[in-house]
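The structure that follows is given in the form of structure tokens.
Chain nomenclature is as follows: A, B, C and D, assigned in order of appearance, with residue numbering initiated at 1 for each chain independently.
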Amino acid sequence: MHFASDNWAGAHPLIASSLSTHATDYSQPYSDSPFDKQVQHHFSQIFERPVSVFYVATGTAANSLALSLVSKPGGIVLAHSEAHIVADECGAPEFLSGQLRIATVGGADGKIDAGLLRRKVESMDGDVHAGRANAISITQATEAGTLYSLEEIEAVAGVARDFGLPLHMDGARFANAVVALGCSPAEMTWKRGVDMLSFGATKNGCWCAEAVILFDESKAGDFPYIRKRTAQLFSKSRFVSAQFEAYFRDGLWLELARHANGMAARLVEAIGSSKEARLLGDAKSNEVFVVLPKTLVKTAREKGAVFYDWPTPAGLEIAEDEKVCRFVTSFATTEEDVKQLSAILQ
Amino acid sequence: MHFASDNWAGAHPLIASSLSTHATDYSQPYSDSPFDKQVQHHFSQIFERPVSVFYVATGTAANSLALSLVSKPGGIVLAHSEAHIVADECGAPEFLSGQLRIATVGGADGKIDAGLLRRKVESMDGDVHAGRANAISITQATEAGTLYSLEEIEAVAGVARDFGLPLHMDGARFANAVVALGCSPAEMTWKRGVDMLSFGATKNGCWCAEAVILFDESKAGDFPYIRKRTAQLFSKSRFVSAQFEAYFRDGLWLELARHANGMAARLVEAIGSSKEARLLGDAKSNEVFVVLPKTLVKTAREKGAVFYDWPTPAGLEIAEDEKVCRFVTSFATTEEDVKQLSAILQ
Amino acid sequence: MHFASDNWAGAHPLIASSLSTHATDYSQPYSDSPFDKQVQHHFSQIFERPVSVFYVATGTAANSLALSLVSKPGGIVLAHSEAHIVADECGAPEFLSGQLRIATVGGADGKIDAGLLRRKVESMDGDVHAGRANAISITQATEAGTLYSLEEIEAVAGVARDFGLPLHMDGARFANAVVALGCSPAEMTWKRGVDMLSFGATKNGCWCAEAVILFDESKAGDFPYIRKRTAQLFSKSRFVSAQFEAYFRDGLWLELARHANGMAARLVEAIGSSKEARLLGDAKSNEVFVVLPKTLVKTAREKGAVFYDWPTPAGLEIAEDEKVCRFVTSFATTEEDVKQLSAILQ
Amino acid sequence: MHFASDNWAGAHPLIASSLSTHATDYSQPYSDSPFDKQVQHHFSQIFERPVSVFYVATGTAANSLALSLVSKPGGIVLAHSEAHIVADECGAPEFLSGQLRIATVGGADGKIDAGLLRRKVESMDGDVHAGRANAISITQATEAGTLYSLEEIEAVAGVARDFGLPLHMDGARFANAVVALGCSPAEMTWKRGVDMLSFGATKNGCWCAEAVILFDESKAGDFPYIRKRTAQLFSKSRFVSAQFEAYFRDGLWLELARHANGMAARLVEAIGSSKEARLLGDAKSNEVFVVLPKTLVKTAREKGAVFYDWPTPAGLEIAEDEKVCRFVTSFATTEEDVKQLSAILQ
């Protein structure tokens, strides 16, 4: 019963097989081959407009380099306090941009509260001592397993627009969000005011397939240098293209995300009918946070369930004999595993 | 006839197949799984001592992070003027170390002259205005297709030792060098005084398999943070382990390098007996630099040969109607291609 | 009536006169002259132990370079949310260290709460994603005009000691604190566990006299390079030495701070007996924060008082028709100015 | 007999006295006071156009921050191999820009050869591996004591213009150059295509007075943040303004430089008529490089002359029993000292 993380899964067979298919013959390196161009073009189709696509090695790299592109001296990025760029990237966005700082904004369910954001940006008068607002970053699906509605994205984008700040979306679980909202990739991004996207596919069935998407091609100018000077330019880039090619073919990426979300939804259902487990937040994608009696946690692990304890969110009161746990589903999660875990949680 | 670069080749079938084999099931991410550990252990066997192994995304990353590990304020790395870290990494070693500078040392055939190196280091008195020597980096096989003999490595290492400087080896074509010298990996590295190695496998049949090897495990301390803050920590690390597993199995890596070197040797032979082509330098690995009449270059391309023009090395005099070209072989180079090209060069 | 800031004052006549005295003749630059050494030795006498002294251009530089010296990859400095390094340095500590991040710890009266600090450090398990605690920084006197008691310094130092973290003190108003606590400089610093001090004299009657003091000379190793690579090494260093020479002579520095504190104490007294003004916090040095009716603020300014409005501290409730104001005294503040202002505030 | 360096001198009495004059009363900090503005306006008068003026702590800071302002990802600054930014700043321009690299261009007499420069820039095709040309920096007067003629500046500026590169001038000894060429400050800078100037006054009679001058005010945008984040923003900025005020009053700055140059010219004359000493290069400002018999060097020092040995320039052949020495004059150099030294050198 594997619920530790979506990065514990391997790669989907179609991804692996595409890598074999594309392993032969010769091809220009550094994202310049016809095959690379063709796959990059596929991104433009998916997003319904010409976009710039830059492969990088990790989601952390995607976030860091996107923010680097817009970084200004004294600049401060605004993000939710639970954002990956704040809590899980060892300062990579700051380091790789050469100088950015990140300030946090609160909000329930892992989502920036647009009202708080506006007040925060208003309070930053840009004086040289305090520094100045430089960009806004949101995560979709969030680190709390929740989703910004299209209206919520628009509200954040409104603040970005009013203060002339670029808006970045960390889409490490982009597919899960698209599927859950039932909207198009375009509707969830540039049509709502998102300027840059970290498009993650690794957590959804690829080995290593992350890209920075810029919705305004005319602003991509310095990115090739930014990527190379941070050692993020793959030579045999087609190994990424081969993954994305299979990922997009016949909607595989949405199917895999739908499966992961569906498995999570069943877990949520099981928790809803449990007398012992208590759902935290409004789980909508493939991460489920639960308050469990410690005895039950122990039992579940003894029976073979693999999952992480999680820090108790600030402000949450739980009993002494309880703890918060996280369960993550993926393309590889089986119904059998979910059934077993659900039974344990009853 | 493909001789553009070893990174134009794809992946060897056994590498691709290992990726399929290891795609299933669950596994700890971030290089912490038993499989990751096992493959890392394989490195220790190959190098005949316990080594620390850190996967990174690119050869540029391997070089940059190895040098970051030993970077000191005001520090200057000494390298050959043709070194990859000098000429081809867009300043990544400087940027990712947060501060290093690189000073160049001359030497024939792409190799640092140990005598010049010693005088250079002696002349750096470490005053605060000029900065101080911080590390030495050599490339094996070199960017000129040549090799440091074991004695030459030892001579450079002697300078490093005398001045207390760590010695780094850029091994983007490490396998080609080991095979060409006919020595063991240990003999070419730590037994000669090399402290850190960028171990590249991408150019020799992998998709994306680069590692920093530290020969003194006790000095690895900060490396995990250095790697994460530069966004070089793969989550599904087993996709690298799977490649290395196949790469090392039954000596595949040496076999592939032997093939590439052998193909290059045939080219060298053909050039030797040509009246029109003239070999540059002492080609020993899988890169061959040649002076060709421009008309012959044109003919070769018309007949389907793919290769790069190359800048004329400083100090070399060639005729107006000649140019320097580079031919690179790889695991994928066919005898047929070499035969065809040889015929053209005659 | 000048209460805007202690950096609105110029230089004390004895400081200016020392600059004239030392303007003649020749002297080694870069802090290497006998005069420079003699003044640096004076610091050792003042601190009752051999200390390393490094002049820098600004208090921001002193803070940034001290923290740079101990900076580790992935490192996080812990400081109060109102600290100068957090709120007023445009990210200089992060930028000049090449990589540090700062995390904030709460506490009343501008002082880190040692209990909160301990829990915060305990919660940082140093994993590679989150980064690791790297140093602690406190400000004495604080940005809120308050003081850490010796016991409070010791409590913070206890956390530093238990977790092996260096402890830095931002002493932009060091003299005001020493005088207010009535202790020796040694008692307030290394005897309580402080490792590094930003010793500021600019705000207390100098033109430009800031120094980093390291209490363990054996750890100064890289500092000269750190200072030079950040362009903080003065050539004609004796212009700083001349200021410090006059500053320390006959206890001028303590006398000036005593004057500034005394002027502030009278203001506090006047506010205490006022029906309209309300003191904020426990003003002990030369900064006084006051809640005032907006009408009174207007009147005061019309009558010639110069001072800043201040942001309302988080959590403080004040009436609609009130605002928070800051009054700062200095060596140059006159009794007459204080009397006039006091009369207005009554 | 003091000829070690112009930074061994102290401050001119009028500089020191201006500091006393301006020490009283209150004044806005951070370069915002009316007095600061007035002095900055004086720069505009001197340069015959509106310029942006930013005080910084050191010449190294001025160079580093000017170059930071125009720094682009992957950017490379072109400078002479003897330039201060290359040889004497411990990597500060690279570090403080967060990323620049410097590539050197040759040329006789410490001056960039415009022809070599053009070929170098042409050879940089801006590909992402090599990086791209970003700016050009020249030093006037040069580190070799020589001068670019106005035509030579124009030739370099022509290359800058043709390739769209900003042109920076390191004017650590700007006054000496203006006086020696007998031209106006405007003629030597923006009228010849210089975009940014490091205006140094410290070596010419000030304590600490360095400024970045931007000839196009509209491009100053980010500079305030760049300066603050590098801890180079003085609070009591009038201590710099007071120095510049006296420096410019009644042409003091030119008079002091004329004196220093004149003293150097006498030395040059003495060397010209010496049988033992041999002048190196075309000394035109206040630095004189001389080849001397070692015995004479010893004698001179025994008789009280203070000066530095200097590295033998690359390519220069001198006898075994000779060495290169540097003699620097300043505002404080006395005729008596020059006479004595001249007598020794005969």
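As a working rule, a residue touches a chain if its C-beta (ideal position, glycine included) is under 8 Å from a C-beta of that chain, and two chains touch if they have at least 3 such contacts.
Model, not experiment: these values are computed from the prediction.
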Computed over C-alpha atoms, the centroid farthest from that of subunit B is that of chain C
Given over half shared residue numbers means same and under half means different, the subunit C/subunit D interface is same
Whole-angstrom distance, CA centroid of subunit B to CA centroid of subunit C, is 51
When centres are defined as mean Cα positions, the distance from subunit A to subunit B in whole Å is 34
For the pair subunit A and subunit C, the C-alpha centroid-to-centroid distance in angstrom is 42
Residue numbers in subunit A touching two or more further chains are 74, 89-91, 95, 98-99, 128-129, 131, 225, 228-229, 233
Per the touch rule above, subunit A residues touching subunit B in the complex are 2, 4-5, 7-13, 15-17, 19-20, 22-29, 56-61, 64-65, 89-92, 95-96, 98, 202-203, 207-208, 225, 228-236, 238-239, 306, 332
In the complex, subunit A touches subunit D at residues 30, 68, 72-75, 98-99, 128-129, 131-132, 222, 224-229, 233
Subunit A residues touching subunit C in their complex are 74, 76, 87-91, 94-95, 99, 101, 123, 128-131, 311
